[in-house]
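Take a look at the structures listed below.
Two complexes, one shared chain (chain A), two partners (chain B, chain C).
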Partner chain A sequence: MKLEVGYIDIKGIRFGDYNAVEDGILIVNPEPLLEPVLEDPLIKSAHFEIATPGESIRITPVKDVIEPRVKVEGGGGVFPGMVSKVDTVGSGKTHVLRGMAVVTAGPIVGFQEGIIDMTGLGAEYTPFSKLHNLVLVMEPVENFKQHEYEAAARLAGLRTAAAIGELAKELVPDETVVYETPSVAESFKEEWKDLPRVGYVMMLQSQGLLHDTYVYGVDAKRTLSTMISATEVMDGAIVSGNCVSACDKNTTYHHQNNPVIHDLLAVHGKLINFVGTIITNENVYLDDKIRSSDWTAKMANYLSLDAAIITQEGFGNPDTDLIMNCTKLEKQGIKTVIITDEYAGQDGKSQSLADADELANAVVTGGNANEVVVLPSLDRVIGTLDYVDIVAGGHDGSLRPDGSIEAELQIIIGSTNEMGFNRMSAR
Partner chain B sequence: MVKEIERTGIPVVHICTVTPISMTVGANRIVPAIAIPHPLGNPELPFDDEYALRRKLVDKALEALSTEVDDQTIFEV
Partner chain C sequence: MVNFWRLTLGGEQETLHANKYQIVTNNPMVADVFGERCRVVFLEQGSDRDVIETVRDLVHQHYRVLTAPLAGSVKPWETPYRSVMVSTSKGSAIDETSLELVEFALMVIRQSKERLETTKPSIDSDFQTIDLSLIESALPSVEAIGRI
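Showing the complex of A and B:
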């Protein structure tokens, strides 16, 4: 598949009396954008706020982060099966509003939503502090069912991002990049025969109970492992419905900009032969874990891979899916590197993963999610601080009287991301 | 917990959904459970069927407790 992605750089967001992108500035007229959001009977109120990099702003609790994109040419529309009709995406031309995101926030959906700080120490840990954020703050009606409100808030965010993406349809991009993925037959061409055949195994969170990911609208826990083109992922074929710990949840933005996919494509045909992407789930039944990892191994073998990168989402029992995927590939002679994060205790001395195997001998870590950080009090809060003490990573007393927060890294969105999306590193 | 209790000489059976983790942490007697959100039951079953399922799990766990093992053993239900 071949996808031309036109990046339109967004340098600022401001409110106005019409919706448009002009000279890199997104102008937002809230009323027409909020109308479809408020049509949902579960959403009592909604409004927008703007957060700019460097401002003294704390956004919490954050549900999802979404990059506005629009299909300009080719089949389907963004977020197929969710916002657009089910139709294969990943070909033609797509425009991206780069440098901004739609962030959904407000009174809590699940107890594992987190924080984006736009300045200070917290900003260092989350990639989203570097974006111009249009925050959609929603409030549910009383007596809502949590899973129904999750679906409502998820759709509201995706629809809003798609509507803003539409504003970029006729614009001239600042940069255009062409991404192309080979068919199986093409991957065997003479020119690449000396390059290692590398695949990407992307594990999707699918534990249920607000821990879900959707592929073309399908709940990933109801699927067997399958294949997807890297360019389909860029067009929003995979979206987050997750309320797993903030630090290692893959937001929709992470999927749209999956760094493993982008880095593999960047060296494809040069250092390696990037053959394809396998998606697999992380279910709560042992039989599912065995079946899905068996299937992953079968497809890796079918693609004649020499090596694979495996990424995870969440932690705990998904560590078993990770180790099964890793060992089953290794036992077929396929070298693996896993990208994960650690829950090694606040002192870093405990076992990092719930499961382990000596075949998992090449590991990239996103960091220790239990590490304690102190985030300074910031001037403005978008959303509410009411839940800081009870979300994952927080504890009773996390929110101090002076407005500062003492909590584990878990509480910061994307801080230990297991796709390797982070900026911080250590030697 | 499993290992600390066993260290005092009391045998332990670990009823656990993800048995590979139980193996990794070193439990000796392992009985596979139903699912992570509901290890000891299945809310999708009618009451009588679920009661029978729960009974079967406990019976298997008691059987495991009273069985001599010389290596880590999974007692399939």
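Showing the complex of A and C:
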């Protein structure tokens, strides 16, 4: 598949009385954008706020981060099966509003959401502090069921991002990059025969109603391991629907900009032969874990891989899936590198993963989620601080009287991302 | 209760119980939701460790663990609730995988620090909901007809 991605650099966001992108500035007229959001009976109220890099702003509780994109040429539309029809994406031309994101905020599951600080120490730990954020703050109706409201909030964010993406359809990109993935037959061509055949195994969170990921609109826990083109992922074929702990959840933005995919494509045909991407789930049911990891290993074998990179989402029982995927590939002679993060205790001395195996001997860490940080008080809060004491990584007393927060890194969105979309690691 | 059956390779009729699972839990929401659907071992005052130890006892009686005993993306010292699905049929010997999993889960719990007290009722309810959603996510798989 071949996808031309045109990046339009966004240098600022401001409110106005029409919606457009002019000279790199996104102008937002809230009313028409909020209308479809408020049609959902579960959403009591919604409004937009703007957060600019460097401003003294704390956004919390954050549900998802989404990059506005639009299909310009080729089949399908962005977020297929969710916002657009389920048609196959990943070919043709896509425009991206680079440098900005739609952030959905508001309470869903009290202890699972996180923080984006736009300045100070907290900003160092999250990639989203560097973006111009259009924050969609939503409030649910009384007595809502969390999983139903999660679906409503998820769709509201995706629809808003798609509507903003539409504004870029006719624009001339600042930069254009062509991404191309080979067919299996092409991957065997003479020119690449001396390069190691490398695959990417992308594990998708799929543990329950509030721990789910959607692929072309299908709940990943209802799927068998399968293949997807890197360019389909760029067009939003995979979206986040989960409320797992903030530091290592893969937001929709992470999927759209998956760094493993981008890095593998960058060296494809030079250092390695990037053969393809396998997606697999992380289910609670043990036979599902066995079946899915067996299937991953079978597909890796069909593709004649020499090596694979495996990324995880979440922790705890997904560590079991991670180790199963790793060991089953290794036992077939396929070398693996795992990207994960650690829950090694505040002192860093505990076992990092909830599962382990001596075959898992090449591991890249995204950092220790238990590391304690003190975030300074900031001038403005978008959302509410009501949950800071109780989110994962926070505790009673996390929110100090002066407005500063003492908590584990878990509290910060994307701080220990397991695709490596962050700056922390270890040697 | 409906019982399904299938023919074995030897041509004998083998009964597959519609009620193929039981749940060990300390989560009142799980006990409430599943109470009429299957056998529930409800440890009302029990800890996550008590739940896993009860599961271990069942494993020693040759029952098989059906869902991952480790919590899902919620640290053991943050959530007080744990629910594990176990088979209702017994094997002829201890299932080694089940035993390995519960022993590993116990090790993780032993290594973790003291559980934080959940002081806010709304958060207690959120923890119960998340634990319930984990066990509910296994239903389409366990309810598929087949050997478990």
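For the reader, a short list of remarks on this structure follows.
The rule is simple: the second predicted complex is superposed on the first by the 419 of 427 C-alpha atoms of A that agree within 3 Å, B and C clash if a C-alpha of one lies under 4 Å from a C-alpha of the other, contacts with A are read in each partner's own complex, and residues count from 1 in each chain.
Quick note on the criterion: contacts are C-beta pairs under 8 Å (C-beta built on N, C-alpha and C of every residue); 3 or more make two chains touch, one makes a residue touch a chain.
All figures in this text were calculated on a predicted structure; none of them were measured in a lab.
Superposition of the two structures on chain A leads chain B and chain C into a clash.
In the superposed model, A:245 lies in contact with chain C only, and not with chain B.
Judged by the touch definition given at the top, the superposed model places A:343 against chain C, while chain B stays out of reach.
Once chain A of one complex is fitted onto chain A of the other, the partner contacts of A:355 extend to both chain B and chain C.
After overlaying the two complexes on the shared chain, residue contacts for A:285 are found with chain B and with chain C alike.
Of the two partner chains, chain C is the only one touched by A:146; chain B is not.
Of the two partner chains, both chain B and chain C are touched by A:320.
Contacts of A:298 after superposition on the shared chain: neither chain B nor chain C is touched. Between chain B and chain C, C touches the greater number of residues of chain A. Contact with both chain B and chain C is seen for A:207 once the two complexes are overlaid on the shared chain. Judged by the touch definition given at the top, the superposed model places A:44 against neither chain B nor chain C. Residue overlap on chain A between its contacts with chain B in one complex and with chain C in the other: 207-209, 284-286, 289, 317, 319-320, 354-355.
For chain B in complex with chain A, the touching residues are 17-21, 24, 32, 34-37. Note for the complex: chain A touches chain C at residues 109-112, 146-147, 205-211, 221-222, 244-245, 283-289, 314-320, 343, 345, 350-351, 354-355, 390, 392, 395-396. Within the complex formed with chain B, the chain A residues making contact are 207-209, 284-286, 289, 317, 319-320, 323-324, 354-356.
Of all residues in chain C, only 65-76, 78, 85, 97, 101, 104, 108, 111-113, 116-117, 119-120, 122-123, 126-127, 129-130, 133-138, 140-142, 148 touch chain A in the complex they form.
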